[in-house]
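Listed next: structures, encoded as structure tokens.
The two complexes that follow have chain A in common; it is paired with chain B in the first and with chain C in the second.
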Partner chain A sequence: MPVQLWVSVVELGCFAGLIALGFFLVLRGADVFMFALGPLAMFGAMFGAFQVSRNGWPLPIAALIGVAIAVALSGLTELLIVRPIHRRTGGQENPSIVAIVAILFALEQLAGTLFGRTPLPGTPFWSAQFRWGEAVISGQSIVLVAVTVLAFAGVALWLRRSANGRMLRAVGDNEHAARTLGVPVDRIRLIAFCLAGLLAGVAGSLFAAKAGVSFTSGLQWTLVGFLAVIVGGLGNVWAPLVGAVLVATLQTWSVFEFGHAMRDYLTFAVAFLFFAFRPKGIFQTKVRI
Partner chain B sequence: MTTRTTPVAARGTSPLARHRWAVEAVAAAVFALALVAYGSGASFRQDYVVLICTYSLLALGMYIPYIMSGSLSLAYNAYLGIGAYACGLISTRAGWSSLWGVPIGIVLSAAIAVVLGLATRRLTGFYLAGVTLLFAVAFQVFLLDRVSLTGGPVGMPVRRPHAFGYTFTRYDIMIGAVVLVWIVGLLLSRLRQSPFGVVVRLRKDVPQVVESSGISSGTIGVVSLAVGAAIGSVGGSLFGMMGGVAQPESFGLHIIFLAIFMPLLGGQRSPWGAVIGAVLVVVFTFELHILSDAGTLFFAIAILLVLRFAPLGLLGLGTPLLRLLTRLRMGRTPGGEGS
Partner chain C sequence: MKSLQTFRRAAVITVAALALAACGSDDEKSGSDPGGDTIVLGMVTDTSGGAAGYASYTSVAIDLAIKEINAAGGLAGKQVSLITESDGSDTTQTPTLTRRLIENGADVILLNSGSASAIAAKGVCVEEKILCVAPTNLSADIIKPPDNDNIYILGPTSAGIGESFAAGMKKAGYSKLAVIADDVPTIQGYVPVLVGAITGAGLTSVAEEKVPADAADVSAQIARVKEAAPDVILVMSLGGQTEALVQNALHQQLPDVQRFSLASIGNQPTTWALADPGALEGLVYAGSIDPGNPRTTEFAAKLAAVGGDKSALTAYGTQGYDSVYLVAEAIKKAGGVADKSKLNETFQQISGYQAHYGQSDFTMSFGPDKHVGSDGNCGLVLAQFGADNKPGAPWSVYQPTC
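This part shows the complex of A and B:
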């Protein structure tokens, strides 16, 4: 595989890792697979790209508002939809899944209606180009890598050191027990959703510069993040990143060797094999009893 | 109530005893006749009726796994597609009657549902939803990519079905479709009330009870996924035979969305809720000229409203009303309880 493709692997890996970290946080904190994170990232990115390309807004402002919208939508999803349904059904998972899938489709179509159904170009934050051997590395990829490392390190520290982070793990492990112990479960769940929205928003606006963004990107992004979580597992904060890099390598390689269709077949095959043989991913949570 | 036999009377006022099969069958038959009468007019109306039937079978296919047994599979676009493409392939490649595609589609989609269900058997529902969604995407790519097998973006023709030297007309297919929905609806309604159906429904709420009765809740889940996929596939075959063509765009991801939406909209207490949901979706899409793009947005918001404010669906809204009516009637005729 040419060196340049490895740069793509790193970019895609970092992006999928950020989305997967969002999944990880909501899974640990609220025990919900927030399938709508991909469309949230897409929605924020499309907002930014639309304002920059059509209305000439300065990039930082457009991107910032795009990210803020992703955070707000994620929080509202929990407050208005998931939490009431979760309460009413006593924690059954099916109604929550259906609601989240409905939000996924709604966000996709809403973005298509508001920002148009043609792909929009993303704008890089740092448009410098560096040559490194045969490969060309853009400033934007350096930003993406730096943000990813910072985000993972930040979340790892936050989960270990801060009171909220530790409570998040407690709520995810046993919501009922956490509530009995006086942990503010509602607040913790809301924090998990908002943080996930933040990660998705940032990831989307950074990645849009690479290949542009269209209203159908959301589902693809969700699926690649989902796969990263499946491969990586939930045992460690860094597990989603490991999973994401593996998935990115596989996807880039399969496109290079066999073309786009094979990527989707292989993606499904990998998910299927992991489900069948290692359903909890590479890094598994170990519980001492 | 004096005419009732002892075992029924012993069950008292439980919901099992109160079900009136004859009433249900006749009411559904009247509705079916109305559909056929409507479809006897202009040619486009026949397409319209078959579309209602296809969506009804799609929604009915969701009913056992999703509403009754509580496992959400999102690969229904693939099951429908398999049904339609099986009919197309068997009629154009092998030159057989496209009716043979129906059993082939049933077996193939049920087998896929079993494999996907077995892989995620020990995991929570999110994982089944995820892996079936990945399958749905891969299937769509497959239809577009394997041009030699599926005809690519333009799809492939499905020949008119024939049997014993008789070639079925579009009108025949429409009648067959309506009868099929009537039968499947009644069968599911009976199944829901049968001992097996009770076990399947128990699995959704209290799987521990099912397990402690010596029945594997995982197996029940996988079986219901297979039956649901098979019903969906029949719907796809019907759609393909009526349209005379199987195209990738008919089996896009919007089908998944309709599949989870229709049974919830109509109501969960009866399979007929799924049919009502299908009728509403078709009528709304065509009569109100909601374009398919914005239509999904409209339906997505509608499903969120239903989930949030009317969790039992439209039939569910009727239940409190019915209870009120019964109470009024009971008040008027003293001693007539349970009649």
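This part shows the complex of A and C:
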């Protein structure tokens, strides 16, 4: 593949990896797929883009508030929607997932109503461009890579070193056992949702600069993160990033070699293979109760 | 294993969610059934789907035309009102919503959503024998016989764009064409029409790439186009992010190759801002705004007075505005809307209507066998983007004629 395509693989891999890391945290902490992460990323990005392009806000402030909104919405999703359903259904996953999918579509429509139905331009944090042979690398791509590495390293450290991190793994493994042992399950679940919202908000704000963001971006963003975590698995905190880079490589290579149509066939073939033969991904969790 | 179960359930639910997304719909209603002694225009629009980006420009101009008509005393002694339904470009909903507009008293239907929606509404228009006009849609399939008695588009159609591009590219001396098109049905319907016209003029198609309408990256498609070494590239999309992504990548990877695009890019100010600085410079698009057309200038001033973020001058606006005045002319001749057959006949008698878009000599006429209004391709203006990413002067190499 031409070098420029590897640049795209890195960009897409980092973006999908951040979303997938959000999936990872909620899965480990609450054992539920947080399908609303794509729309949360979109919502935060649209807020930032709207305030910068329409109201002239400084980018850092607009982006920061956009990320904060994503965090708040994710936390509210757990507090007001998922937790009551989780309690009423005795911890069944399906009702919670259906509710989260409903929130996905609600967030899309809310963003369209608040920020408009036309795409909004994202603003790069670093607008420089560098040439590397025939490839062009944008400053924003470098920022995305740096933030992704920092985010993964930070989450890895947090899970290993902090009490909340260790409790999050315990809750995800067996909520009832963790509750019996005195782990503050509700707080841990809320932390997982908020952290996932934070990662989604950051990912959306950084990726929007590539070609803008629209109210319909959320579902696609959810899918790339979901595929990454399916392929990568939950056995290691870096697993979602590995999954994201593999999916991005597959999608980019297949389009380059065979054209657009093959991308979807191959992507779904890989998803099917993982669902069928390795449903817990490449990196599998080793400790289960 | 709880986690394994979760993954399996998620797989099933994801499929359901995707199906839901594909069927996602929007059902909004604005305005109200005015009843009483008014002429009611019913508009199928899109406030939430793929056509929402441009349908809003058309809606603003339609409102403007109705206000002007009412201020001038109305039509056949009656005031004109507008009721709307949004189909979100979901063609499964369009027929039902069109019927709902008719149930709510619509005397004429304006189809202000995607081309696929207009095609979906066609059956209702014919069954109900109600005059239907699709102001901005380009697809000739909308008015293709049989069962096209009372449905009309303004044009020029996609075939006219293909003929104009073909003539322009040939005159400019290009020989190797690459096409990059998004995968939405409306655009895919245009691809054979435009590519057929261009290759028919003697150019060779060396690459034809498809990109998803929700693409996050198009570098692989651009790399394939680059390997084919074209000397001219045609980008076909509904505009928005996909168009911006493609134009940014082409500007970066193939800066010296001339690019062409459809009307979307020229009529979507919001898309210009999505492109990298200077990325649109030199791009030729099939516009319909000619600064030399005095009626366009007059309309632009009226629209500016309306204000708001949808008051930018676009072909969508002018076409919406013209569609109301075309309908008004037919209603005046028919003496009202009570006789639907007569109204359709008087619409077909419209001849030489001087449009508010296109070149200054562009006119529209209709007839029993002429359901595309344009009297030639001079309804198009091949314009070129400037370094500021905004539409600039008409393309100096070639302009369509009538």
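Here, the second predicted complex is superposed on the first by the 281 of 289 C-alpha atoms of A that agree within 3 Å, B and C clash if a C-alpha of one lies under 4 Å from a C-alpha of the other, contacts with A are read in each partner's own complex, and residues count from 1 in each chain.
Here is the rule we go by: contacts are C-beta pairs under 8 Å (C-beta built on N, C-alpha and C of every residue); 3 or more make two chains touch, one makes a residue touch a chain.
None of these values were measured; they are calculated from a predicted model.
Of the two partner chains, chain B is the only one that A:268 touches; chain C does not reach it.
Within the superposed three-chain model, A:84 lies in touch with chain B and out of touch with chain C [touch as defined at top]. By the document's definition of touching, both partners, chain B and chain C, reach A:219.
After overlaying the two complexes on the shared chain, residue contacts for A:50 are found with neither chain B nor chain C. In the superposition on chain A, A:279 contacts both chain B and chain C.
In the superposed model, A:99 makes contact with chain B only, not with chain C. By the touch criterion defined above, A:230 reaches both chain B and chain C. Shared-chain residue A:110: touches chain B; no touch with chain C. Between chain B and chain C, it is C that contacts the larger number of residues in chain A. In the superposition on chain A, contact is made by A:119 with chain C only, not with chain B.
Where the contact sets of chain A with chain B and with chain C meet, they give residues 32-33, 35, 93-94, 97-98, 101, 105, 109, 112, 117, 219, 223, 226, 230, 260-261, 275, 279. Interface of chain A with chain B (complex): residues 32-33, 35, 80-81, 84-85, 88-89, 92-95, 97-99, 101-103, 105-106, 108-110, 112-113, 117, 219, 223, 226-227, 230, 260-261, 264-265, 267-268, 271-272, 275-276, 279.
Contact residues on chain C toward chain A in their complex (touch as defined above): 1-11, 13-14, 16-18, 20-21, 24, 26, 47-48, 52-53, 56, 183, 209-212, 214, 216-217, 219-221, 223-224, 226, 240-242, 244-245, 248, 252-253, 268, 270-271, 273-274.
Every residue of chain A that touches chain C in the complex is listed here, in rising order: 1-2, 4-5, 7-8, 11-12, 15, 27, 31-33, 35, 53, 93-94, 97-98, 101, 104-105, 109, 112, 117-121, 136, 172, 174, 207, 210-214, 216-217, 219-221, 223-224, 226, 230, 234, 252-253, 255-256, 259-261, 275, 279-280, 285, 288. Of all the residues in chain B, the ones that touch chain A in their complex are 66, 70, 72, 74, 116, 118-120, 122-127, 129-131, 133-135, 137-138, 141-142, 144-146, 204, 253, 257, 260-261, 264, 293-294, 296-297, 300-301, 303-304, 307-308, 311.
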